[in-house]
Structure formats: C-alpha cells, structure tokens
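Heads up, there are several structures right after this.
First subunit A sits with subunit B, and in the next complex the same chain sits with subunit C.
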Partner chain A sequence: MARALRSPALWIALVLLLLAVSLPWWVSAYILGVLTVSYYFGVFAMAWDLLFGFANEVNFGPTFLIGLGAYTAGILDNTLGPPIFVCVAAGALVAMIGGVLLALPALRLRGPYFGLVTLVAVLLLQNAIVIFASVTGGEIGMNVNDILSVNAVTNYWIALVFIAVCGALLFGLSRSAVGLILQASGQDAIEAAALGFNVTKHKLAAFCVSALFSGLAGAMLVFYEGTASVGTVIDIAIAVQIIIAAVLGGRRTILGPAIGAIILVLAGEELRQLGQLNTFVVSAVALAVILFFPDGLLGHLLRRGERG
Partner chain B sequence: MSQGLLEVAGLHKRFGGLVAVKDIGFTIAPGEILGLIGPNGSGKSTVMKLIMGIERPNAGSVRVGGQEVAGWPTHRIARAGIGIVFQHSRPLHRQTVLENIKLAMLPDSLLRLAASSHIEARAREIADLVGLSEVLYRHPPTLPFADLRRMELAKAIARDPKVVLVDEPFAGLTAAEVRAFSDLIAGFRAQGRAVLLVDHNVKGVTALVDRVLAMYLGERVAEGSAAEVMANETVRRVYLGGKIETHARPELDARPGRPLLDVRGVSVLYGKAQALQDVSLHVREQEFVSVVGLNGAGKTTLFNAICGLVPYFGNIAWDGQELRGRKAATIARGGIVQCPETRELFGDMSVRENLELGGQHLTAAERRSQFDWLYALFPILPARARQAARTLSGGEQQMLAIARALMMKPRLLVLDEPTLGLAPVILEQLSKALSELRRTTPITVLLGEQNVTFALPHADRVYVLEHAQIVWEGDPARFAEEAGAGYL
Partner chain C sequence: MLALQILIDGFAISALYGLGAVGFTLLFGVSGVLNLAHGGIMVIAALIGWQAAGGLGLGTWLGSAVGVLAALVASYATYFVVVRPIQRSRAIPREETEIFVLTGTLLWGIMIQVGMAYFYSDNPVTMRPLIDGVTNIAGVRTPTNEILIAVISWVAIGLLWLLVNRTRAGKALLAASINPRGLVLLGFELDRIYLMVWTIYGVLAGIAGVLLASFLGVGTSNIGNLTASAFSIVVMGGLGSVSGSLVAAYVVGYLETFTAYEIAPTLRPIPALILLVLVVYLRPQGLLGRR
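== the complex of A and B ==
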C-alpha cells in the first residue's frame, strides 16, 4: 500500500480531484453539465483499461456492457419501478452476467478473435434493441420515469463522487496483488501459468469487474440524462470514443483513461461551433497522440518520471 | 529407478503428420541433474513443454512425486511442484525486480489483494541468493542480460518447486556468468530438487549433469554419463556425421580481385545480448561457403545482417559497394536472396503460385525457362504443382523454399539451415539437389548449418561460428580433425 501512495499518478489524480471539487463555485451550470457526462465516460474508459491495459485483451465492445447496464436499469424503472439504486444495481448485475456469458467462450479464442467477438456482441445488442422496440423504444430511444436530480450542481456532485469512488476502487485493484497477477497473465500467459496462476480465471475476473463498472456507469448515465438510446450508450462510435479516450489518457494507468475521457468530452463540446469539423479535429488530435505518444498523456508523463 | 521425483514414460506428441516426440521416458531422482540434449528440431524443447503442460501429450505419463499430471493445464502442473526457467521471458517492465520476484510467490487467488508480509522477506532472501540484491529496485528494462536470467531463476526458486526445468541455461552468458549459473543450478542438487537441463550439446552441460539423454528426430538415441553419450556412435554421427567426402575447390578463393561479399568486423546486439561479435568472412563469385555452428551461435543473425534485416556495427560490402543504409528490398533486388530457416512459404497458395511470386520480376519467357530448370532440379515439385504449400511434407516445403529463392535469379543464395527438422532420407535428396546446383550452375551460395554432414560435402570453404564469434575457418577436409572435437 505504501508503494501505491508513492505513485505519482495518484498525486496527479488527487490534485485534479481537488480542482473538480472547487468547480461548482466558479463555473457555469452548462459546463458542470458537460463535465457530469464526461465523468461517466471516465468510468467507462477506466473499466476498459483494466481489460486492455492489464489483461491485454482488446474489448472492442465496451458499449455492449454499458448498454446492458443502461437498458436493464431503464426498462426495470419503467416497468416495476423500484427505487433508482435498485435499478442501477440490477443494471450492473446484468452487465456482469452478460459479460461472463460473452467472455467465457471468447477468452478461449486467441489474438484478434476475442476483439471481433466483442464487436459482434455490440451489433447483436443494438439489433435486439431495435427488434424489441415496444419495450426498449427501438431506434428512437427510451425515456425513463425517474432521474437522479433536476439540479445541475447535485448531478455534478453525484457524478464526481461516482468517478472518484470507481477510480479509487479500480486503481487500488490494479495496484493490488491480483492486479499484478493480471498484468503478468496479460503480458506472458505461458509464464504466468508456469508460475501457477490460472490465467483464464484471472482474465475472466477482470472481465467481470470491467463489466460491473461499465454497467454501473451506464445505468447512472441513463438516470442522469433521463433517456437511453442506441446512439448514446451502444453505438460503435461511442465504443470507439471510449477506446480513444483510454489510449489518449494512457494505457495501463487506470487514472489516465479517466483524464482522457474528460478531455475528449470537453474538447468535443468546446469545438462544437466548428460543426462537422468538430469530430474531425478531435479524431485528428487523438490520432496524433496515439502515433507520437503511444503511452498516452499520463503514461508519457509517468515514463519520463521513471527515466528521470 | 522407481524412486524418481519426476517420472516420464512413453511420451508421444504429434503435430499434424510430424511426430515430434516418440516414446520418450526417463526418471530423475531427488538431487539429480539430467541433461536432455539434441540438435535443433530434435524434440527436446517439446518434451519440456509436454512436462510443463504447455503442450498436451498425445500419449504417455508424467508423474511428479508419484502424482500423474500428464494432460493437466500448466498452472496446476506448476502447483504440483514443477518450475521452469524460460530462456526468453517477458517480465513485468513497470515493476521492480523485487516485485517481479514477489509475483512468483503470490497465491492464485482473486481475493488476496495484498501480499502477506513474509513474502517480502523471502523475496529478498532469494534475490540475495541469486545475486540480485544490488538491483532490487531497478526495472527489468534497465538490467543487463545476465541479471534478467537471474531474475527468471529467482522466480522459479520462489515457488520452491520439487522439479526444475531449465531451458538452455547458459545461452548468451559470458564465461564468468556461466560459472555463477552453474553454481546456482548445482545448488538445486543440494536442496534435493530434480533438475532437467535442456541444451543443444553435451559440452555445455557436462560439468553439471549426472546423466545425459540424447534425442534426435523425436527419439532417444543414447543415455548415460556425459562421457558415455559423447562416445556414443549414434550421437557422434548425429552431430559430426559419418565419413564425409568433401569436394572443395580451393582455386576459387585463390583468384585475385575483390570478393563478391565481404563482411568485415560485424557485430550485432539484441537488446543486451551479443548475437554477433566482430565477425569477418568473405565469399567469392561461384564459391559455396558453409557457416557451421550450433543453434544460437549467430548464423541467422549474420544472414539477417547481410540482408539488411537487423542493424549492425561494422562493414558489409557487396560487389565492392557498401550495403549499409540500403533497404532489405533493395539488397534482395541487388542479388542477395535469402532462403530463411523458417521457410516463409505462403501456406495457402499452391506450389506453382509460390514459385510464380518468386519470379514476379521476370519476363514470361525467362520465367518459363526458370520453371523448367527448377522442375528438373527438384522433380517432386511439378508433381505437387497444384497442391497448397501448407500440405507438403517438411522436405518438400524446404525444396519449394529453395526453388522459390532460385526463381529470383540470385547472384548469392543465402541458405539458412535447410535441414531443420528433416529426416535423413530427405536430407539425401536435398543434398543431391545442392550438388546438382553446384555442378551445373555458376551460382554462389552461403549456407548456414548445424548439421555438419550436410554442410561439408558441398563446401569450398567452412567457417565455424560459436558463441557469436568465428572460431575456425578453413578447408572442409580438415574440419573433423581440427574443429570437430569442440562440436559435440
């Protein structure tokens, strides 16, 4: 634990957290709203990094897990209508079950096939939602009966606490003994197995944890926005954005992807006046970062620290 | 013999049609060190993988302390008490040496988030034992090669295995480091562990082993003390070949003028490992030059340097022109064509398509004449013309690979270990084709081989490469008496 406390990544994150805490006193409700969304995206990206950065498995379908969580929570709210936290918990649980059902067969595959399976899963879910339009709202989307709050500041606090707690848990996990084994399994599965570690078990567990947090954040996002639609939680474009955010922020750092997600959402908003050019500029910058700083922003900073 | 800590019996492994391991069995008692030796492709590494569960045996038994583990997944075999020291590994780069050693001691549990405190003390103890105490807080990428090997050893010890498998224990180490590693491995004996050393030749492990088992083409060829195995007729034939007739043409090298290929003081580093050290050799037009050396000696590295595939120090001149700075494709078009040891055929394309690809740059008429010539040189190829390259036998694949290289009309054909994994009868056919090639065409050939029997009959001159350096050069007829002894 002492070593985790000495990690510069943690201190960078704490400084940013303090900054985030002070924001409600000096920025507009509009910016708080944008940041709120970005925090949920941050959790998506962190959960994805656990799989890519540590288990070394590229999950092209983070939105499969997010979508399962979001739609489960939304549908439950609109049908049985239990308290919001029950809906969110149910969303997380279903995402986890879906994740296991997907990962169990997929992890037996090698190389790019795991990624392809996760990609196909997204398309399947997307189609399922369109087919069962009577319950899911189909392509138009679904309004949910309840929302977290109508107050922008309250919503901001909820999202901030949420990302801080998720970040602490995921970061702690990544620095724990289990995180070490997971990293070894991802880097050299044969050697990890020769050291007595059940590689499949550890990767499956990582997938579960990633699914849990993705589902949780997906469900929270639904109750923040009051709607769930394919375009906001399932579409491949969203998946790509999460992946870019994680790589931009810094693979294998957990906290970096959160920072990457916040930057990406903010940049998208800031450049909105460019119209169509907006996505182009953001993508071009992301591409440049991936090409020239493959370690990502935080990864690059930390690497320099290690060398220095 | 029944009191073995590790008991292997009747081990079989097939890869498709290839029998890689055939009825291999041995027993290692506590405190005993067995050397498993064999040339490249003999199946010794496969035996190690079968014991560790990295590959699943088709038949046979592997017992650890009386418990049958054959067919188990690797992690359960590891927990049953077998540890392995890999030759190459990918340690955790962002963790320190100490953390890498601690990793090996963690329980396979999803719930133990923190390592117990005794692990730290034990990890330091082990690091001390293998000589890593000075670098505990360094990261693996900053360590010299020998220290990385020490770390692998430390990880294996950390699990306190009853049986330790060591893959090529001394590859890439200096003489002083070899001594330190020998002492560490001898320490396993004192601790009552059973040790299996896997290596290419007896020489490297003689001082350490109690017994040696020699393999060739998946089968056991000899077993006994190191001296017995070295004296064994079959082993001598496998490594040195029987009586070799040589047909050197010394007049070729006596010609004045500059050589076609001139390698001067070339060194190559792979990360921290010295793969090639100050190597000089030359090849004259029409010469057939063989570079012999065991696997890992640096032959492939030398060829890759010549073909511009790896960065090097020193100079390589081709027909008087410096090759440095030229791209691999330019060098190939300039006339140096390599037929790599991995063959690199296009498995899903037919034999004919593979050859056509080699002859892309030729005119239709030229291509036809090349086809006629090659089909005559390798008569098996026209019979297989429409078959996918993947479905050919190993020997046929090798002939196709050579034919495809020849299709490019090279001035210099670089032939890297064509005998890899081939049965003796196939070697004869291949050998005949090379004789024919040498007799009927003015082609220049640079051959890399560990099989001396195959390399010497065709050679005009021979270089011996050992531990990244040229240690002997001369006439093939003198090889057996002068350099052969150091080869077993």
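== the complex of A and C ==
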C-alpha cells in the first residue's frame, strides 16, 4: 500500500481528478456531455490494459465484452424492466461469463491465435445481433426504456464517480501482489509457474475482472445514451479506438489508458472539422507514439521520472 | 445444376482467397510478421489499378499491372515505415515485439483505409473484366473472366512454389522460416531475405487485389473483412504453412459459397467463423501447421 501511495502516477491522477471535479462550475453542458462519454471510454481502456499490459494478451475484442454487457442490460430493461442497477449488474455478470469463454482459448493459445479468436468473437456477436433483430434492433440499434438522468451535470457526476471508483480498484489491483504475479505470468509464464504461482488462476481472474469492468461500463453507457447499437458498443472500430487509447496513454499503467481515452474523445471532437481525415490523423499520431515512445504518454513521463 | 454452380463459383472464389492468404502466411513463416494492413494493401492495388485502367485509359491489363506495382510500393512502405522500426526499436522489449507489430500494422491499415476512402470514397469499384464472354461448363453459364481469374491465381501460386522449392534464393527463404540463426551463420544476409519476402508478398497481395476488383468489385469498406478472412484462413490452415492455407482457403470458400446459395446470403460468413473457432480450440496449430 505504501508503495502504491508513493507512485507518481497516483498523484497525477489525483490532480486530474480534482480538475475534473471542478469542471461543472465553469464549462458548458456540451463539453460535460463529451467528457461523460470519454469517462466510460476510459473504463473500457483501463479494463483492456489489464489484459494487454499485465496479462500480455492481445484482446482484439474488448467490444465483445462491452457489447455483451450493453445488450444484456438493454434487453433486460426492455423486457422485464427491473430497476436500472439490476440491469447493469446483469450486464456485468453476462460479460463476465463472456470473459471466461474468452479465457478458455487464451489459456491454450499464444498471441496471434488468441487475437484471432477474440476478433471472431466480435464478428459472431455482431452477426448474432443482426440475426436476432426482433429483440436487439439489428443494425439500427435499440432504444432502452430508462435512462440514468436527463440532466447533463448529474450524468457527468455519475460518470466521474464511476471512472474514479473503477480506476481506483483497477489501479489498486495492478499494484497489489496479484497484479505483480499477473505481470510475471504475462511476461514469462514458465518462470512464473516455476516460482510456484498458479498462472492459470491468475490469468482467468484477469479475464473475469477485465470483463466485469467492460460489461459494467458498457451497460452504464447504454443507460446514459438511451440506445445500444452495433456502431456504438460492438463495432471493430470501437475496439480499435480502445487500443489506440491504451497505447497512447501508456500500457501497463492502468491510469494512462484512461487519460488516453479522454484525450482521444476530446481530440475526436476537436478534429471533427477534418471529417473523414479525423481518424487518419488520430491513427497516425498513435502510430508515431508506438514508434517513438512505445511506453505511451504516462509511461514515458513515469520512466523519465524514475531515471531522473 | 445448382451443385455444379456452387462447385464452379466456389472454386474461383477459393482460388482468390488462397492467393490472398498465401502471401500473408509466407510473410509470417519467414519473418514472423502478421500484417494486419493486408486488406489495405489489396485494396490499394484494386483502387489504383481501377483508376489506371479506367480514368487514365491504360486498359484493364496495363491498369492491373499498375495496381500490382502500387501494392508493391505499399508493401515496402509497410516494412520500412512500420514493421522494421518496431523490430529495431530498443525501447520495445523483445518479447513484446510481436504485439507491437500487430498494433502498429493495425493502425497502418486504418490509415490506409481512411486515406484511400478520402481519395476514392468508400463506394466499391469494379474493374472491367480481363476477358469478355461467357463459357458454358456442362450447362452452367460461367463468365470466362471467372475462369481466367482462377487460372491466374493458380499460376501465381505455382510460380511461388517453383520459386521457393527450385531456386537458390527461394531455398534461403525456406531456410529462414525454419532457422534464421542458422542461415545467418551460413553467411546469408537476413535483411535481404526479408526484403525479398516483402517483395513477393506485395506482388501476391497486389494480384489478389486487382483480380478481386475485376471479379466481385471492392472498396475501402471491405478492408477489415479482407484482413480478417486472410487471417482466419491462415490460422485455420496453420500459421506459416502455405499448403495448409490453400486447403483452408478452399474449405472457407466452399463453405461460404454453399451457405450463400443454399441457406441465406446474409449468413454467408457465419459457418466459416464457427468452424474457425472449433479448429482453433481443438487443433490450435491449424490443419497442416507445425508447432
């Protein structure tokens, strides 16, 4: 715990959090709305980093988990209509089951093979949603009956508390003994096993935790936006955005990907006037970051701090 | 009648799939790179070939040649701008090079997709057939172009086989896929072998791209699917195994054609995806792969 408190990443995050808390008093509702989405995106990116940065598993299908959570919550709300938090919990639970399903091949397959399975999982889910269009709304998407709030400031607070709690939990987990063992299992599974750690158990746990947070955030996003559609929670393009966010912010830092996601959503808003080329610029910047600062923004800052 | 139709159409599309996947698997086998910008490179060949053939008035054959050349340039750009810097970067730990190459080429593929969509819009383009006319095969009217495409694909694959198995340079390529260190100890420059494999890859992907444009028509919106299908075919056949990729290409091609004709065109990709998951679960090294 003491080590975690001395981490500069934590202090950077606290300063940013204080800034975020002050925002409702001096920025417009429109910017708050953009930030609200970016906070949910931040949770996606943090959950992805747990798999990519720590367990060393290239998951091309974070949107498989997010989509499961989002659609489960949405469908439950439209059919049985329990309170929102029950729907969100159900979404998280189904996403966790999805996480275990993804973990099974991951325990047997190496890098690219596993990456492909996750990609296929997304494509299958996408097809399933189109086939069962009567329940899911198909390609058009579905409206949900309930939303979190109509007030932009309330929505902003919910999202901010959500990302802060998820961030604290994931960051704490990554700095705990479990996080270190996970990191060791990811980098050299044989040596980690030789040291007496149960690699299978830790990787499985990583998938469950990552899926839990992805599903939660996916379900929350549905109740914020009032709709769920393939284009907003499942499409490969969303997965790519998450990957870019995590790489940009700095993998293996948990907080970096969240910062990366917020920057990415804001940049997307700012570059909107470029039209199509928006994505081109963002991808090019991310590629440049990979080539020149493979540790990402936060990772680069932290590493410089350690050396200095 | 329908069975024969499926047999013929499936054969042509599978040959094209095979051609697209062979370069991809060769690249992985020799240099260990999974190029997720694969679909992008194919579409560059298709779009530039289409423009050269139609807009610049070079005709279909010459236009196709320009398209293949464009794919070659794109292939070199992928290697020199993205893959080689990542492989040589000292800031990236050795054991993480692979996932960085995956992420890097993924981003590069998106840049290609968006860049090409900016110039050519995302509407699919169709190249004029390489050869006009219709041939009657036992009662099934088949465009002669479709037959020619299958033939060209197989000739290209055959030439590749000759190159790899019968020439000195090709044998070095094969050796690099088995034991690169041994090859270096024998005095071969690994850099030149990598350059050669990216050359072969660019030409193969280019031919596959222009043929696809003249067979089905292709646009930037297909890039993701093209990469995904090459990736799945190659994994199903066994990463790095050329013959495995060809077998898998035919399995996938026929499965898709059969589904499209007999069940529903909308379900076209699904059985192949499910089969892929099964293969990966039960036989992770693929149909003909070695571990």
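Throughout what follows, the second predicted complex is superposed on the first by the 307 of 308 C-alpha atoms of A that agree within 3 Å, B and C clash if a C-alpha of one lies under 4 Å from a C-alpha of the other, contacts with A are read in each partner's own complex, and residues count from 1 in each chain.
The rule is short, and it goes like this: a residue touches a chain if its C-beta (ideal position, glycine included) is under 8 Å from a C-beta of that chain, and two chains touch if they have at least 3 such contacts.
Owing to the predicted nature of the structure, the values given are computational and were not obtained by experimental measurement.
S.K.: Give one word, clash or fit, describing how subunit B and subunit C relate on subunit A after superposing.
M.R.: clash
S.K.: Just to be sure I read the superposition right, which of the two partners does A:145 touch: subunit B = first, subunit C = second, or both, or neither?
M.R.: In the superposed model, A:145 contacts neither subunit B nor subunit C.
S.K.: State whether A:201 touches subunit B only (first), subunit C only (second), both chains, or neither.
M.R.: In the superposition, A:201 touches subunit B alone.
S.K.: Figure out whether A:28 sits in contact with subunit B (first) or subunit C (second), or with both, or with neither.
M.R.: After superposition on chain A, A:28 lies in contact with neither partner.
S.K.: See if subunit A has more residues touched by subunit B or by subunit C, and give me that chain.
M.R.: More residues of subunit A are touched by C.
S.K.: For A:178, select first, second, both or neither according to whether it touches subunit B, subunit C, the two together, or no partner.
M.R.: Touch status of A:178: first partner only.
S.K.: One more residue to check, A:280. First (subunit B), second (subunit C), both or neither?
M.R.: Only subunit C; A:280 stays clear of subunit B.
S.K.: Just subunit B (first), just subunit C (second), both, or neither: which does A:187 touch?
M.R.: both
S.K.: Find the residues of subunit A that appear in the contact set with subunit B and again in the contact set with subunit C.
M.R.: 187-188
S.K.: Within their complex, state which residues of subunit A touch subunit C.
M.R.: On the subunit A side, the touching residues are 52, 56, 58, 104-105, 108-109, 111-113, 115-117, 119-120, 123-124, 127, 130-131, 187-188, 236, 240, 243-244, 247, 276-277, 279-280, 283-284, 286-287, 290-291, 293-295.
S.K.: Where on subunit A is subunit B touching in the complex?
M.R.: Touch residues, subunit A against subunit B: 1, 172-173, 176-178, 180-181, 183-184, 187-188, 190-199, 201-202, 205, 252, 306.
S.K.: Contact residues on subunit B for subunit A in the complex?
M.R.: Those residues of subunit B that touch subunit A are 52-54, 73-75, 78-79, 83-84, 86, 89-90, 92, 94-95, 99, 102-104, 106, 108-115, 139, 155, 159.
S.K.: Once bound in the complex, which stretches of subunit C touch subunit A?
M.R.: Within the complex, subunit C touches subunit A at residues 34, 82, 85-86, 89, 91-92, 95-96, 98-100, 102-104, 106-108, 110-111, 114-115, 117-118, 224, 228, 231-232, 235, 239, 266-267, 269-270, 273-274, 276-277, 280-281, 284.
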